[in-house]
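The letters A, B and C name the chains in turn, as written, and every chain counts its residues from 1.
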């Protein structure tokens, strides 16, 4: 009956169509729990989750922490800046030490692609990838997919444009894997330095002008511009980026009436998107945050072996 | 029956006499809970509280966290230094993101006056002001009032002196609003740069010599001198402050026998107050800390819609 | 029946043989709990533990936090870097403020020897020493003793060598007190600057050549070399240390077949110990981490007055 057999969630590229659908359906049940006055269910009572963030992220850490608490799990947080687990230790040693602490679930954010897989292969604990370098951020991909599905009722045949720094984006990769498996048509949009032709190998179209997708898109997912860490040589100036790829009011006027505008946050208002557009009726940016809780509850529940129905 | 209808506690200036009395009476019931061996009640089981401290304060954060745990709520902490919620975001965006996380209660400490009101007006969550700039720190005002009430049995007609940096103090403002509403006579004492005549508009007397209040005071509340952040131009040197306003043993000798000495902590021993005086029989400084738990339990309970009697 | 009457665990030098045995036996019961699918027992439900770490240690903090959660206690963390409890306060003031918060248990890590005793003498809360300067780290001593006991079934008559910086090591002191009381023969091994003859007063043998203990040792406990904080004048260069005291493969070849290799972590691979040796069949380094949970559960349970049997 239950088609989920995995202890880990490392990458959406690993998952079958059925597994993706199972997580999205489970998330739908948990979304109902979040709308109750009492948002807590006993599904993971007595289980321990370690939020291990070697790269900081309050937003994702908070979402996982709240999701776990709503499942009645115990949660402890370890961050890189304070962690002697990482001081002079290899990732292998860190992994082994975490295992020796007998945690049921480890949520890992790490700057190196492959870090979550490395732990998943070596530990009995469930490993949930909360972002590993430029590789994947699977719960973000799931929550984006969930949000689209909620609005359209299906993904099959939808035109989804992902705009921005695709090259360095784990969010983009997880989105692409999910969307293509579930039948959407994906276009990657951005300057050629950040959206090289090679992306076509993933099954997406590549466009270097945002105008090419405005009239056809059902969904536009705007990636966050990471001024601070982006390699300068790949990136035009901010003003040039805004003029070429920013979702301005003029461009929004060309969209289909029901086109969704998404962003993983935090927003740079006036850069990826005009402030009024971000707050407008097409924007589902805050619903993405709420849906993140439902999706993460589903992932934790599935991987930690939650039994029976969601009640 | 229950006269408390608010979802938020933003400022004591908002509250009626009846509302203030309701919170103080509820706090009395919760103080009894803190004296039990088992200090936990199920009043907020299944509710989630986010401690969102954009300005650091271990002391206040810890007090709210313990209070919430004793009410069986789930608590998560977000601090400014680690928060990507605030990175490049307006307070409005931060507020909306917190709402999207479906927290029942958000405890906010923020350096800007008005930040708590801003959130309270925009979010469905209960907002508890844990200090906003120089505006208010309502739970500190309540715990100070509670402590005085516990000792004297009433506030009506008491002479309360607040000494120090009134101009920049949210603690002073919250104290003044509560004390005047509940019938105490308040005198603000300090150098004219920090206690300008304009304070009389709040209904307090203004004095620039501590000697003026020593013989008449029933309560002396000493504000913490904030060396690090005070505007230099407003402030005399530390030695001059001690000689003019420090509560020394000689000055204590002039007090009424049952005059209470209060301080919101942390103490600068030898500055606001002599070390022996701080540890003496008149000092209720540590009782203030304990009472902070009872008062915060009462506030969380009232605002989050705790049902029925405290058990 | 229950021979444990203490509210605190400050130092293993305080404990009788019977008290040490009681904690080790209680830990054995709790180790069984950790092997269950549901690792949680209600023993300390409703009790509050404050992890107060004035000196950072993710590893020890995490272990105490997990142990307390498995006993169903509520846990809050206060770290030095963020603590206004310590800003301009004496340890005495900090202690009193913690007491005023009505915590049942305070776990203290502090850079000053004697800090835990100071609090234990002044507070009604249970004080658990999580390391105080170079004095003691009693739960580390207990978990090391527990690990040896688990392998050999007894400590009486075993030859235990502790290698490295004994002079500045609280781990060494706690180990020495426990091992000698329970009948082991202890040899302290290291350069004469770090292992002076004066240690013989504690009842241990002193050796300055690791070769002297290789053939006779039943257990070798390798202390972590603390490059960053060690006084340079006491310490040879790293290369010289490795060549004189590092546990290399060549040296391991001279050990008894069942000699245990221990290390409190985190490892400096290639310094205290060869990487292959640390991962080899004699190494119980990760079991020490797991046993830390059982031992800390036992200590918290005993000091906080856990009633009845472990279930």
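As a working rule, contacts are C-beta pairs under 8 Å (C-beta built on N, C-alpha and C of every residue); 3 or more make two chains touch, one makes a residue touch a chain.
All values derive from a computational prediction rather than experimental measurement.
Counting the residue numbers used at the interface between chain A and chain C, under half appear in both copies, so the two copies meet with largely different residues. Superposition on CA atoms relates chain A and chain B by a rotation of 120 degrees, given as a multiple of 5. Note: centroid distance chain A to chain C, computed from Cα atoms, is 40 Å. For chain B, no residue reaches two or more other chains under the stated contact definition. Listed in rising order, the residues of chain A touching chain C in the complex are 45-46, 48, 50, 74, 76, 78, 82-85, 87-90, 93, 96-97, 99-104.
Residue ranges of chain A in contact with chain B, taken from their complex: 34, 38-40, 56-59, 62-63, 65-66, 69-70, 79, 265-269, 286-287, 289-290, 293.
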